[in-house]
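Two complexes come next, and they have one chain in common, chain A, joined by chain B in the first and chain C in the second.
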Partner chain A sequence: MSQADVLPIRPGRPNPLWRLSLFRNETVTVFRRWRTLALLGVLAAVPVLVGIAVKLETGRGGGDGGGGGPAFINQVTNNGLFLVFTSLAVTLPFFLPMAVGVVAGDSVAGEASAGTLRYLLVAPAGRTRLLLAKYASTLVFCLAATLVVAVSALTVGALLFPLGDVTLISGTTVSFGDGLLRALAIAGLVAASLTGLAALGLFVSTLTDSGIAAMATTVGLLITVQILDQFPQLHAVQPYLFPHYWQSFADLLRDPVWGEQLLRNLGLQALYVAVFGSAAWARFTTRDVTA
Partner chain B sequence: MDEPVIETHALTKRYGRGRPAVDGLGLVVPRGSVFGFLGPNGSGKTTTIRMLMGLIEPTSGVARVLGEPMPRAGQRVLPRVGALIEGPALYGFLSGRDNLVRLDSADPAADPRTRAARVGEALDRVGLANAAAKKARAYSLGMKQRLGLAAALLQPRELLVLDEPTNGLDPQGMREIRTLVRDLAAGGTTVFLSSHLLDEIEQVCTHVAVMSRGRLLTQGTVAGLASSVRGRLSVTTPDTAEAVRVLKEHGVNDLVVTDDRVTGELPAGELADLNAALVRADVRVRAFGAQRASLEDAFVALTGEGFDVAG
Partner chain C sequence: MARIQPTPEADGTAGATGRRKAVRYAVPVVVAGVAASAIGIGSALASSGAPDLPKISAQDLIAKMAASDTRQMSGTVKISTDLGLPALPSGLSLGGGAKGGGGKGGDASPQAKLTELASGTHTLRVASDGPDKQRLSVVEQSAEYSVVRNGDQVWAYDSASNTAYHSKAQQGQHGGSNSREGMPGDVKDASPQELAKKALAAADDTTAVTVDGTAKVAGRDTYQLLIKPKQSETTVGSIRIAVDAKNGVPLKFTLSPKSGGKAVVDASFTKVDFGKPAADTFSFTPPKGAKVTEGGKEVGKEAKGGRLPEGLDGLTGGAGHEGGSKVIGKGWASIAEFKGDKAAVPGKGRSQGADKNAGKNGDASKLLDSFGSKVTGDFGSGRVFSTRIVNALMTDDGRVYVGAVSKDALIKAADAAK
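For the complex of A and B:
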């Protein structure tokens, strides 16, 4: 009650750094959702399954393995570090982007359907600031999800297989430390590959008041685009599909590194971020919040 | 006089082609008032509040809050405004305390160093201190409503906008909210309180505006509005039929009998003579007098219909 008696005093000017509170809180809130933890749990389980499958296969004396299966899987028995590359190659087409699609799709629409959006806006979060905080925390999730796969794979790889010098695709051998650095760079690259989809999901999320609908639409778009990327007849448009260069991260395992596809991937992601980020901003800053 | 805390001119919101949800609203909320915003469900109260808070863009017209145009000046105005809009909305997976921390983090004018203390104080104030660590999912409707109120009290505010604040509360909770509103008003906060409950407005508000079908019917002080409607003559008697006859003879119109009570338009002459006439005609009078007009009478007089009819 004593607080109200001294109205309307507001000591000093707000510190510009206080504006970062929302981003911090948003990021923490994303990771406190049960759903986020479940997604990360699934992602952590993939390397475990792949690692055990490879181990069982070699245990039966399967030998050369016949060359099928995901990228790098034949090297895993010789060097556990390759489980990191295999796991990222396995999760990048669907598991990772699906998780990102869920988080990005729900970001604004989920708040709208819960009604909390209006309270954030009258707080006042500011529409541009809220959108930036939502996107930034989604990017943090992209990185976290990728690292969960990488760390889980590295752990399983170290437990089940020997570690050692890394033989690159180009045939040269680098030290384990160098290999580990390349693995880290690849994880960063995979996370960056997801930024375009994250922007697309954020845009979808500003279109509806239903979190479920936004999540389903984003994941649906992902699956559609991944399928379109497989049709040779569509090869004229495929360079503009956001997943088209995703598997280019393998080029980091060459000596010298092949940069062209990597840069195309990053450029394409930047284009998607710019286009769908602007669209999300244009939509969200002008829409009526009636939920 | 001070500049009004809320002022609108011809404020209109139209969804699609139908009748506007809010039509040409000209509202003036004086500083320091407890302003009741009254109207049946669907009369445009919440739409008006959404426009005042910058959540939706008016189709036409102007809204000024704390002297600045909304929604343009929202970032400057809203930190000085606490709001409860259309019921509470919470993060069920967060505790009550963390819900408030989140909303406080969203306010760029909120000092993170005092956040924990202010959150604690707000929880205390609405009586939720003991349930602060509980997940909001497990809160009852009344507790959710209290938490929503606590969010509006995270900072000292110049204006509190409370949309149906006693919805879902038990009588004890309602009383507590009314006490809280009076305390806040005594501290200098202007309170803008929407409600569809007449007696709630009558009990706490100094001013009132009445909405119906998107239009403002009237606004002014509660006392002024009630006195603008003439009271009624009320006679309590077991001999209602005889009383009606006598009153009619003496020129009292619009006579209504309910159980042992006869009411009618207040006549111009001396009431005591009327009473004497009743007694002379052997009407056994238990009670006799002029009944003060209630806000409900005023509302019925304004709309020509019962209060519970939705627009």
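For the complex of A and C:
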């Protein structure tokens, strides 16, 4: 990963690859942390737990569960692919965003508290570019975390349960390949659902020099907003809370696909990225960095 | 410690730095402001803008609706219902009550499920191709409830419990159509088309029907048909139906109570398409692994419930099923009278002792007590249960009066029947 052997030294005019290498460095930094790996490990364990629990329950013949439990859990015994949907539905309210909140909150504040932010800024990359690289690496983590859940769930589902044609929630049956494509699209959608929170975490991260404080604030905000989203009295503001449409990914499993909530979710995430991304930029490019 | 300044070419003047800071901080504020105003303008545009349409008389508009031969359509309906019922404990929700009455809890039969539409806001997707091909889906979070009718086959599928329900409709009759003959304000009817037809059937000398301007519904130009009861006893304030100016299909139905406030029922297409739906929309094969309930007979039995909406049926503990029923009055002021099974009436013969009423009615009577109010009159004494549109009087000697009328009218009817 040394820049010297990849890049010709051309002073004065930064090579486009330069930007990429900054992004690559940041991404590698994120994924080399033990903390990140632990978070991914926890995420990978969730589908395993859910899968084993469902298997044990049906093994005892207690399968007549009715309509309770997390979304799609009744379908898991018929088709292992549904473990992907169940696991994403289970991890999306808390596990996934918490992991993203930790990584995003740590992105700038962590460097500041470790005293390394100054050295990053000494490099002639510019603060805007550094911030973009930080955000991009957080987005990579969003996608990676979602894929870890999905792949782990698919593996466990394939090992423990039969795979086959997929029954959509409208009662229509589609081929396994179609179902797999939809699962992939859903994973992408779930990752995209986390971009708003990632921007919020980045903004919080520029406000403080303490990595722990930024992580705690981001995760605390997430929990607060999730709770606010439950109160029926607040229904007027709920459509503007970032987790409000998170569970809409299930609309991809309708026949025909119902796009209304999906588009609202993506629009809302874009809005949060625009507002908090620019706020993070305003803060980061104008503040004095002392640490 | 050397400070790293925001920009390499720091010019040193505090004023310039402050200004630049302010400009940068303005960016997120502007982004948020633009987004907020875009949302505001967007929703204002969607709801405003009465289209310019040639004038039409109420009679012509009704004729247009009657002559409408649109049989093929699909779209999304949003239905909000606010009967003003107190929030019920989850086990005793309206849907749960009706399910229990059906005798088979947890199956996917349409009668049980569609009752859930009686409260809250729901999104439905509907598709129709001629009189014997329909599909209705209740969109739930991460789940869906679908009813598909194709010829004499009626299928229902509940994805949350992975159960299916199958029944055979009698020649050309929809499984659920028997229960559609309720009073005005009956909320089970999902499509505005059905709701409007019913409202028009009720229109006679008791009712004023006018055309009240135009509106845009689901992107289409509509006339607004305004129906106002002339009788003073009723709790119905007005019914407003938005009728498509081109093909006479009702696209929006609003039932407002006389007491004002939010509409009791507000069913509106948010998206509509008059093209032919794909043929496979109406084909249904039960998914592998789904539990299938056969329910041909349930349909006929349920029809006996007659004019009592199933939601109320659940509330009265099924008292209407056993006894005879008759209708007092006419038009909007009509009141249904049921002579129920006495055991089903809570608090019978006691002034306050409803709680002691042991057995299976214990829970129900406690519930009833929590939102019924005591009344007395020439008929004796009883309890009045009020919603925003339907009131019910349950006398201590086992009679039940239900109607979209005021409490006083109910008591008067009870007195007269004594």
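As a convention for this text, the second predicted complex is superposed on the first by the 277 of 291 C-alpha atoms of A that agree within 3 Å, B and C clash if a C-alpha of one lies under 4 Å from a C-alpha of the other, contacts with A are read in each partner's own complex, and residues count from 1 in each chain.
Note that in this section contacts are C-beta pairs under 8 Å (C-beta built on N, C-alpha and C of every residue); 3 or more make two chains touch, one makes a residue touch a chain.
Keep in mind the model is a prediction, meaning the values are calculated, not measured.
By the touch criterion stated above, A:T224 is placed in contact with neither chain B nor chain C.
Of the two partner chains, chain B and chain C are each touched by A:L121.
When the two complexes are overlaid on their common chain A, residue A:R254 makes contact with chain C while staying clear of chain B. In the superposition on chain A, contact is made by A:A282 with chain C only, not with chain B. Judged by the touch definition given at the top, the superposed model places A:T290 against both chain B and chain C. In the superposition on chain A, A:S175 contacts neither chain B nor chain C.
Of the residues of chain A, those at positions 118, 121-122, 286, 288-290 touch chain B in one of the two structures and chain C in the other. Across the complex, chain C meets chain A through its residues 1, 3-7, 17, 20-21, 24-25, 27-28, 31-32, 35, 76, 106, 125, 137, 139, 141-144, 146, 148, 155, 157-162, 164, 270, 284-290. Listing the residues of chain B that touch chain A in their complex gives 50, 53-57, 74-75, 78-81, 83, 85-87, 89-91, 93-94, 101-112, 121, 125, 148, 151, 155-158, 183-184, 187-189.
Per the touch definition, chain A reaches chain C in the complex via residues 66-67, 71-72, 74-75, 77-79, 89, 118, 121-122, 127, 164-165, 167, 169-171, 173, 247, 250, 254, 258, 260, 271, 274-276, 278-279, 281-283, 285-290. Across the complex, chain B is touched by residues 1, 3-10, 14-15, 18-19, 21-22, 24-25, 29, 32-34, 114-116, 118-126, 129-130, 286, 288-290 of chain A.
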